[in-house]
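Shared between the two complexes below is subunit A, which pairs with subunit B and subunit C, respectively.
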Partner chain A sequence: MSSTAATSNKRIIASAGPEAAPPTPVTTASNGMDSEDDFMSAVSSGDDIQDDSDNDDMSGADDDFDFDDEPDPDLGIHKDIMQRKKVAYDISFKVYEPADIQKQQDVLIDEVNMILDISKEEAAILLRYFRWNKERLIEDYMDKPRQVLEAAGLAQVSASPPKLEVIPGFMCDICCEDEEGLQTFAIKCGHRYCADCYRHYLSQKIKEEGEAARIQCPADGCNLIIDARSLDLLVTPELRTRYHELLNRTYVEDKDQLKWCPAPDCQNAIECQVKKKDLDKVVPTVSCLCSHRFCFGCILNDHQPAPCELVKRWLKKCADDSETANWISANTKECPKCNSTIEKNGGCNHMTCRKCKHEFCWMCMGLWSEHGTSWYNCNRFEEKSGTEARDAQAKSRVSLERYLHYYNRYANHEQSARLDKDIYHKTEKKMVQLQRDSKMSWIEVQYLNSASQALQTCRQTLMWTYAFAFYLARNNQTEMFEDNQKDLEMAVESLSEMFEKPVAELQDPKLKVEIMDKTSYCNKRRVILLDDTAQNLAEGKGDRNLLALAL
Partner chain B sequence: MASQKRISKELADCSASPPAGMSITLASDSDVHKWHITLDGPVGSAYAGGRFGLIVSLPTDYPFKPPVVTFATRIYHPNVTNDATGAICLGLLKPEQWKPSTRVQSVLEAVRALLVEPNPDDPLESRIADEYRANRAEFNRNARAYVNKYATGPVTFSSAAAAGSAAGSGSGSGDATGGKAQGS
Partner chain C sequence: MSAQFATKRLGKELEKIHNSLPPGIELVSAENFEEWQLDIRVLDNNPLYMNQTYRLKFRFGSSYPIEPPEVVFVKLPDRAIPMHPHIYSNGIICVDLLAAQGWSPVQNVESVCMSLQSMLTGNTKNERPPGDEEFVRANRLRPRDIDFYYDDNTV
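On to the complex of A and B.
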């Protein structure tokens, strides 16, 4: 094991730094399958089978599928995960950086420029008008060039480059200024205005309205679009940059298979071929070079295994039930006797303080002994008397209890996932400390980073399994799902416990091995859960019983 | 300020040769940014015989930002809110469609055209739009009833009068424009 950890693996080093490449790229390395590489891959991330972002070729992966359920303490587990090649929930995607996006546009513009013998500015405007569908543009243009140019706002043609001019006796129709020597500008249509008005107009469009690709001539009724060269001549460098940023954005926004990474300050775009109609069967989780993982279908954070529609419903329900949510937010209370914090878990209202053993009612905080045997005796719920009210109440309470059951667990993992972010930073400190206190190298302490990542990813998945389960119709598959969920949850909680141990204990090589094993076990359980769920979703089982309640 | 020159010129042009069936005054002599328009219901339309008050407010950034135009007189129309606000839905007044070279004169002509031919496909009052499409006779009856109720006396430009049950009970100089006039 120690030799494994000591391996100077480039991939690991990359994923350790803050500017890390995504922790995911793994699949493409599977042809090698040497044990060390294999292990490092498996523990280097909580997400082992995502496609490498800049390599969509999966053909190198091993097709063998000798999955083995016995947790092999050495390499078997990792190998198995690696070899479950095209898992049901896997989805291929590519990440593009700003330069890539620019280049793709330039290539298309050059092609159209050459094929149709029009200027690059015009080619760019036409491409944007055709939402970057080059084939359709060329076809339509060949067919009826005039109409195409007109529709795209390129009707008039003139060869001279744009320039500012002083026209004697000119009066600007926008500001009505007519002083001598006024700088003026017009695009091809010849609608001429003073340069100041033009600049004001452009800056308002770009800055306030975020417009770029479709800024028209300021003339009433003229739909000619202002080209990039004219714009560059008129506006400040700062505005020019913004304009080109916005133009770039249209390229991504106009294409269904391209989406911006929603992480703040991230300028990358992701390409994914998933079809909208398949979103009830697959959850297209992608991960950006900035390490942000999100759903390509709805842009929310990774919500595997729950399909987008279910997520939407769940979030809406949580928002709608804000009253309930308020009720839940009081989910931790202080023990009326010793004031230690107690978290309610499950639906039982008979609370026993762990610290002082005080028994009380969660609803009224009163002594449990005064409640009799059933919590329905609690005064607060007795207030609205009358059997009818009580029946309705009992009924709504059952559905509330059911919702709360799932919501509490969902919210709990959500909160833990948030705490995991802090833990990640703590981990880095721990790793430094561990290097100092023990003889371990930076590479040798990477297992903590892997554990931290596994915790975060698995928690994220667990969180959504509870939303998923809320909508799940009860049948044979439900049990399998819940078993998977339970296994993953237990593994995660025990890894979490080990992970939080003080540095002194972490120096114990035995604990290190345990953490490494548990990490890969968690990852494995997550893969199994996602894979099984995805297969059921994909198969649809005819009557769609899996999500009968939800969809 | 550039807009002052433009507004003065427009006001002069508009007063010299106002659009058909309209007369233009300033709400107050000291402020060229608020115009009061009296508009005769176009002959042949459901609004014939009525007199409507229109308020045109020119924003400080005019003509780069569109004017805000509202009816001061209640009117039964698919593209005008059926309340005291009198907000109008007019394509060329939408920020993304507005062109700085467009003049108030053109806006007023567009409003008048909207009375001749309502646009039920882009309504502010969808019920009235449905009625306009499905039961023109009923629509015409209702529109005329509004004309008789609100648009027969002398035109006032206060929102209070517009909101009141009868025209002509003008009081003060309420401001019906506000910023709410941008419709759907």
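On to the complex of A and C.
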């Protein structure tokens, strides 16, 4: 059987062609201290504590967006007490910018280049072949250099650099061109083709197939790899850039503990040590320098406190049930009193009908006056009685109602987060104006930025607490979870309401302090909820596990 | 890439094909540089393919031969789809050679025919690929857009 013949198939997977384009690395300045990991290590390293005193002259509410919003410890307290216990949901990670990623590769290439006495191009090809496992590469190479070079597509090592040549009487086996003066090219194996065909070939591999690290000689059965130097000689700068991007990608993609930030136009990669098998116990939320927060496990937007598997199930359920659930997420409802159409235009659930001034709750349509202190009634779904459940039809209706209850609240927070953001953008514009007209400085209006970010993050968390609650087992842990959820929800709704005030009122120093305090409180409630839930997930076994019922 | 690129190369190939083709391979039609048809036969007396002729259809893109051609077996009143663990009953062929990663631009129509011919000659299994029925029912993609996962090189 000839070597070019068939190979067997196991599975068939339909795909629409080459995978989606990767982020384009562009070098940007690095300030490296933004990740929580760097922060954590700076705090815990002990000898290098940052001066905390600059926090103490403020109310502590202005910029407590991060998790570090516990009351500042007294001055003079022991350093090892300041070294706070790491909160349970916090995981460590590092953000790398394109230049960092390049540098890591260069360092490895230089090391291999020196230790093994091979060129940098060859070191790079070998490292990629060994998926950047330097130790294994060196070990294997020391042991059997010839086999290693051959396997990696570097069979014959020669010193002369690649160049374009004109060969008299040459005919290209790819395009059948044979005119005089034809530029030709070959890598070390000597399989020679015209430069045009080589360029076509490389462009096909790079552009259409997204290939870079393992582009082989075009000759049939020749597995010699085309190195970066040969490539640079042949292709356009544009293609060359793409090629190096793809090479960078293989570095990140070859390493399990590295992942690209999925934000559009972001070129950073994140390093995190969380293992796949632990994803039922931890939710590895990471945040990029670009401020995008996402789950390292599944690359979706931050979904704390819900574990990846739950998120997957929930999203699938929502997609399956989307038709039934669609009406819920609609932006308009009728006023329960006068039936005029009301559009929700802010994130708060406290609705006031413009026509009849009726005040009601957007979620349950109940009277707002009954809600003030008992938001409680609106966040918990009361299980229907057993007699009703006996009837199969009723059962399915109850289960649909149950799902809709949680979906409603999930979708509501998703939508409210969007609306809060819209309001912030409007407010931001007005604040700029006010800054110009009044004496307020840029720094003085930043509390609105902090409030907006807190609303976004907290709603994101609340949204997932409802998906989480849908799968929640009823046990003695449940109540704590629901209480935490209720506390956070109340805090968020009241901050959202303050936030919606007209700009003129926002200038009021009293309201400003209130907003700052509420912002801080929201962040604190969120930390408590995430911490309690994460601890339970990490420790919970059997019926003590919050999710014992469903997953 | 200009269509001329493929045309020039296919013109050369056609010239050579008109002169001579290996035994068991015959040109049926080549009216343009987009689609050609060829017949192949297995030369030994492998009982699976004895006295049978199979029709192959080649389709060329403008990037041929940088890109592989699309090659399928065609079912006609007097042409069946050969039985083979890498040939689906709708004529789609699962071979490394015809996929981007296995293709080399120095391959040509003749060499593809010879490889397929030899793939049949060497086969003893009277069976379709696993999952054939489901694949044939569900597949709406062109062969070039399907990702086959190759798991052995033994056939």
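A few remarks follow.
As a working rule, the second predicted complex is superposed on the first by the 386 of 551 C-alpha atoms of A that agree within 3 Å, B and C clash if a C-alpha of one lies under 4 Å from a C-alpha of the other, contacts with A are read in each partner's own complex, and residues count from 1 in each chain.
By definition in this document, a contact is a pair of C-beta atoms (placed from the backbone, for glycine too) under 8 Å apart; a residue touches a chain by one contact, two chains touch by 3 or more.
Bear in mind the structure is a predicted one, so any value in this text is a computation, not a measurement.
In the superposed model, A:Y201 makes contact with both subunit B and subunit C.
When subunit A is checked against subunit B and against subunit C, the one touching more of its residues turns out to be C. Legend: residue contacts after superposition of the two complexes on their common chain; A:P218 is shown touching both subunit B and subunit C. When both complexes are overlaid on chain A, the residue A:P307 reaches neither subunit B nor subunit C.
Of the two partner chains, neither subunit B nor subunit C is touched by A:P162. When both complexes are aligned on chain A by C-alpha atoms, subunit A residues 173-177, 193, 197, 200-201, 204, 209, 218-222 touch subunit B in the first and subunit C in the second. Contact residues of subunit A toward subunit B in the complex are 173-177, 191, 193, 196-197, 200-201, 204, 209, 211, 216, 218-222. Put simply, subunit B touches subunit A in their complex at residues 2-3, 5-6, 8-9, 61, 63-65, 95-96, 99-103, 106. Per the touch definition, subunit C reaches subunit A in the complex via residues 1, 5, 8-9, 12, 63, 65-67, 85-86, 93-97, 100-102, 104-107, 111, 114-115, 118-119, 122, 129-131, 135, 139, 141, 145-155.
Considering their complex, residues 1-2, 4-17, 173-177, 193, 197, 200-201, 204, 208-209, 218-222 of subunit A touch subunit C.
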